[in-house]
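The following blocks contain the structures, represented as structure tokens.
In the two complexes that follow, subunit A is the common piece, with subunit B as its partner first and subunit C second.
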Partner chain A sequence: MDFNNFLIMGQEIGLIAVFLILFTFDLIASGKARHWLYPLACLLFAAQTAFGFFPLPVGEAFGGLFVSSGLTVLMKNILNIATFIVFLQTYSWLHSKRIEHRRGEFFTITLVTLLGMYIMVSAGNFMMLYIGMETASLPLACLAAFNKYKEKSAEAGVKYILISAFSSGVLLFGLSFIYGSFGSLYFSDITFTGTDTLAILGFVFFFSGLGFKLSLVPFHLWVADVYEGAPTNVTAYLSVVSKGAAAFALMFALFKAFGTIEVVWESILWWLSLITITLGNLFALRQTDIKRFFAFSSISQAGYILLGIIAGNAQGMTATVYYVLIYVFSNLAVFGVISAVENASDGKTSIAAFNGLYKTNPILSCIMMLAVFSLGGIPPFAGFFSKFFIFMAAASEGQYLLVFIALLNTVISLYYYLLIVKAMFIKERESGAVERFSIDNYSKAGMIICTLGILIIGILSCIYQNIVGLSFGI
Partner chain B sequence: MFFVGIFGFVTRKNMIAILISLELVLNAVEINFAVFNRYLHPQHLDGMFFTLFGIAITAAETAVALAIIINAYRTVGNIDIKNLSKMKE
Partner chain C sequence: MEYSLFIIVTPFLLFLLLGLVGTKFKPSVAGIIGTLGMALCAILAYTAAFQYFFQTGKTGEEWQTIIPFNWEWLRFTDNLHIDLGILLDPISVMMLVVITTVSLMVHLYSLGYMKGETGFQRYFALLSLFSFSMLGLVVATNIFQMYIFWELVGVSSYSLIGFYYTKPSAVSASKKAFIVTRFADLGFLIGILILSYYTKTFDFGLLTSDHASLATASMAGGTFMGLSVATWSMALIFMGGAGKSAMFPLHIWLPDAMEGPTPVSALIHAATMVVAGVYLVARLFPVYFFAAPDVLTMIAYIGAFTALFAAVIAITQTDIKRVLAFSTISQIAYMMAALGVSGYGGHDGLGYMASMFHLFTHAFFKALLFLGAGSVIHAVHSNEMDDMGGLHKYMKITSWTFLIACLSISGIPPFSGFFSKDEILAAAFHNQPVVFWTLWIVAGLTAFYMFRLYFRIFRNGERHYDEHHKPHESPLTMALPLMILAAFSVFTGFIPFSDFISTDSVSFHTHIDGLVASMSILVAVIGIGVAFLLYFKDSKKPAEIAQSMGIIYKAALHKFYLDEVWIWFSTTLVFRYICNPVRWFDSNVVDGSMNGLAWTTQKASAAIKGLQSGQVRFYAWVFIFGSLLIAAFALFL
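Right after this comes the complex of A and B.
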């Protein structure tokens, strides 16, 4: 047997090793040693993240089932960084009274979902894509219901598992049609001619299945409820890591398997990204709960990600990956602040809880301000550059109308992002608002990483150049 | 069978019934794969493999979904989907 195949799966094997170590440690550690679980998890995962930056062998393994290239390694690194920041932010939540004894479960479940996302990104075959997707989404439902004693959390879990099972049913239905018309599940064997109606029908079902995962607009109804009900740190994970992985997988599937019918999916994507950006923004305007608010904001961000995929060339691919990278830092900074405020104020997540935050916690509110400016796309923060590249990629394919509408939407989004800034800086404190509080060192480290990411990545052009070198067109 | 399942998913009020509808959807797909393999592409076994993996994953899905529903039952007190609308304004 050729063991070189396994070397290509280096990152996956590393992740499984981390998972096994944590799992055994959680099982056998005595009461006192369990205090080390959290630092150990962070340390091991940091090692795993660093491991991804070393040059790894790339190629195809297992007859094309598993594909690893410079770009997939980079995508996995982005997912790793995001997960690492989420881990850092969970400190106070995982050390609260009712969760403490189940700390280990959180890490093991999260690592399994991450493994699923690795497989999704690296899939060279629809079966691998499906298996990865299920490995990612089934444990995520458990994470959404992690606060067992809370009714909202249970509700979020039920909604997430039912919707994700339903969407994978739809996706599978589409896959079965695609299989029926080509007789193979490998991306490389699928050659659309554009006249094969069964296959096109299959593609539409497949796309709507993925649309659920990516929370595009006609399939977005679960997002707000799940994001609000799930524990805040899990929401952060869902909105960043899970969505990023789905975007990468969609991009690979569209480029590799459906590259020949670009005309078909381009027009579908055109409408979807249009309504996703617009409706996401309009619904965000009238939210009063901050987690719901950022759920809708993340829906519209998914629309922008689609904009990069629409371009369908190497430039679009680069822009998409870059956009997700920036989105990771900005959104995780936001959720870091939200979870810090939530923990300090006994579970308050309304926007009103942020009134006058600047008076009591100036540093936190400055980080929040940086993050929402980056999400809104104000220069010189990183979000401006990522939006710029996305628009440039779409415009290079002649999608001027779409870019114009997206630009208008950026203005709308600035309005509601500024509402939060206004609440923090201008509005007077209410009687029940949060007092001055200090956050734990782990969350501090996470926020510092995010802030640095927001400030620096936009300016360091070598990162963008690096992604350009890895991307390829259709 | 697929559309019966979808219809059930949309109309049922009981969470267990919704889960059963989901099973219908997934099983319909698996039969689809097996049939396509048998009649259209008998030279390879891709579809059969997919069916096998699909059955295993579906079983895992049901187990997780049931666990979550039981958890919801403990906090809410029944399994009617109407009672899970606390977050609507």
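Right after this comes the complex of A and C.
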């Protein structure tokens, strides 16, 4: 047996090792030792994250089923960082009374989903991509239903698994068309000649299946319900890590397998990104629950990600990866604050709970403000640069109209992002609003990482340059 | 010389420290931190200057441009990238010395002057921000970096003018300064864009090297409205410089800017920021000279006119800071005029050298004048000349140092102003006689109004001072900077500037032109003599003369109604014919469409809220029909 293939899967093997250690520890540790589970998980995962920054062997494994390149390593690193921040933010939740004894489950399940996402990103074959996607989706339903004693959480889990099963069906249906047309599921074997109706149908169904993960309109309807019902930290994970992985996987599939029908998917993406951004924004305007609010905000952010993919060139790929990187920090800062407020106020997630937050918790309010400014794309925060580059990428392919509409949409999004700022800084506190509270040190560390990311990454051009060096076009 | 980075970074760190946690310190501690930080900066700048001028700067005959640090910040294309860096050449090193010295003096002085003010920490934080911006501006390696710091300078100046933000006049002065300079910067930005569009670079080195051949070649042939593209771009860039350096007719903000604390006026509105425009023209001098000589001629005439114009107004003002403000406008116009009449290469570049020389000497004696005026204001709690007089016996140090500065600005040898002014006059004499005669008259007027100021403050009849508040000499923190700056004002004139600074980086020799020198001394002495006759003793003669001058005096007193002209221009023309239609467009079309959008949103989301029904089977239905729709789209469109 050729073990070299496994060397290329270094990050996956590392992750499995972390998973196994935690799984075993969770089973055999008892009593006092269990207190060490949380720090151990953070530490091991920090090591796994750091591992990705060492030079790793890259190449193809198992005859092209699995592909690892500088860019996939970087993408996995981004997912790792995001997951790490999510872990840091879960301290209070995992130590609450009804969850405490299931702490280990949370980590093991999350790590499995992450493994699925690794595979999605590294897939060189549609079947591999599908396996990764399923590995990621099924456990995510468990995570969504983690607060099982709460009706909404249970509902979120059920909805997620139903829609996920449904989308898998559609995706597999599409894959069968593709296999029927080309006789292969390897990305490199897919070459369109002329308009092949069956294959194009196959592409559309495949795309719909991934569109579900990326929460593109019209495959987005589950998002609001699941985001609202799932535990806040899981929502954070869903909105950032799961979405980021789907974006990467979609980009690779479109660039590598469907590069020859770029004309077709470009016009589809054109409309979808427009509808996604706009509809996400329109719905966000009306929300009163902050988790639903950010659910729609994240839908519209997914539309912006499509803008980079549309470009179809190396610049677009760079912009997409960069966008996801910055989205990680901005959105996780938001969810960090939401989860802190939720934990401190006995589960309040209405926007009204944030009224006058600045008076009681100025630092948290400032972090939230930075984060929504970054999401809205206000310079000099990182979000401005990511939007800037993504617009540049789309404009480089002549998509001026789309860029213009997207720009109009950023104005709308600013309006509703500023509603949050207004609630925190200008509105008077209502009775029963959140009192002054302090957060645990793990969450603090998570917040600091996010804040630094928002403040610094935009200014450090070397990060963008680094991605430029790894990107490729069609 | 990598340590030069710290000259720029130190003030920025100080700004962050004092700005973010300044209020955690006691005011005096915050002030001392700021001052010590600035002292460190000054030491580094002096080290850099020494090393540059006496050790590493010169290779053979030529002064080298050293770039110890360059960071490519944003790279858009191979041509278009924005860098941040440090460029050391004779003029930037000179500016480092000027800025850090004056800034340090002002920091020290402010410890005494601003004592007990609310917002003491904020004041020092802003001073640091300003120093950072100004230092970043002068060491810019490319025009875009300069523009970034240019705006930062504008912002910090804005917040310092409006430091007393509870005073309405300070608020409106800060707004005026910001808006006027921003208006000018619009021209600057357009100029930068035109220039870089044609030359494909922002880099100063590429723009100015080899007799600016890049600009000349790339912009050749292009014309717009009868003027060449090069003329347009360089004139627009000059517009930015004219705004910051208060050239006619964009000078209106500077007198009002005196609402800021007096040390701020000394630092920003006398010695450093206002010469940024001169520095900009000097930095791009080869481009002006070779690609747009007509703009250079225009600069000479604008400079000469502004010098005369401001000097005439200065004669009539009674607020001592305003006299100094108009005198600053006049002196900066001198430097501009000197650049305008300058040639290129060797002794022909005398005007360029003289301009930088005057910038250097002026910075010290003008800062001294402002700080001295601050000391006087500190003593009598008024800006008006009528409340002063006979202060010499109460404030010996202030009086003597003020006298030195007055002699220096009037151009009396051996004080520094004489040498630099003489070079300017000599350069003008040989190139543009009209400019020369204008500047010559201005020299006389300068001597007159400066000594009018001096006599009315320190001599003249003594006012009736309140027994309990007899004027007194300022504390040592304020007196010490005065003495140090006085020493600078006496000695800097002896620096052989032409050894260091020239248009083509090669040293040349200058000598005092006997004819020009004697003419300038003559006119200065006449000016001082007239001032002595009129103002040394309290008399009615000045009022009678003012009376007899009638309308001219009145016009000058009201600054030739230029503020009114601008107000007419802005309210009648701009507001009525541009702003009103824009407002209509805004409130009807823009707001209308936004309201329409909001209305549509409401309706649309009410209509589609069924989509978010919570029914999973409905979600699945939308899912499948969505994919079918996309499939139809992909196949049939």
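As a working rule, the second predicted complex is superposed on the first by the 473 of 474 C-alpha atoms of A that agree within 3 Å, B and C clash if a C-alpha of one lies under 4 Å from a C-alpha of the other, contacts with A are read in each partner's own complex, and residues count from 1 in each chain.
Operating definition for what follows: a residue touches a chain if its C-beta (ideal position, glycine included) is under 8 Å from a C-beta of that chain, and two chains touch if they have at least 3 such contacts.
Worth saying up front: this structure is predicted, and the values here are computed from it rather than measured.
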Partner chain in contact with A:L43 - subunit B first, subunit C second, else both or neither: neither
First, second, both or neither for A:K150, with subunit B first and subunit C second: first
Partner chain in contact with A:V264 - subunit B first, subunit C second, else both or neither: second
Partner chain in contact with A:T197 - subunit B first, subunit C second, else both or neither: second
Which superposed partner A:S167 touches (first subunit B, second subunit C, both, neither): second
First (subunit B), second (subunit C), both or neither touched by A:F283: second
Subunit B versus subunit C as contact partner of A:Q465, first or second or both or neither: second
Which of subunit B and subunit C A:S208 touches, first, second, both or neither: second
Touched partner set for A:E228, first subunit B, second subunit C, both or neither: first
Residues of subunit A contacting subunit B in one complex and subunit C in the other: 158-159, 162, 166, 170, 224-225
Subunit C residues touching subunit A - in the complex, by the definition given at the top: 72-76, 597, 601, 604-605, 609, 611-612, 614, 616, 618-620, 622-627, 629-631, 633-635, 637
Residue ranges of subunit A in contact with subunit C within the complex: 158-159, 162-163, 166-167, 170, 195, 197, 200-201, 203-205, 207-208, 212, 217-219, 221-222, 224-225, 264-265, 267-268, 271-272, 282-283, 285-286, 392, 412, 461, 465
Residue ranges of subunit A touching subunit B (in the complex, touch as defined): 127, 130-131, 134, 138-139, 141-142, 145, 148-152, 154-155, 157-159, 161-162, 165-166, 168-170, 172-173, 175-177, 179-180, 183-185, 224-225, 228-229
Subunit B - residues contacting subunit A, complex: 2, 5, 9, 15, 18-19, 22, 25-26, 28-29, 32-33, 36-37, 40-41, 43-44, 46-47, 49-50, 53-54, 57, 60-61, 64-65, 67-69, 71-72, 74-76, 84-88
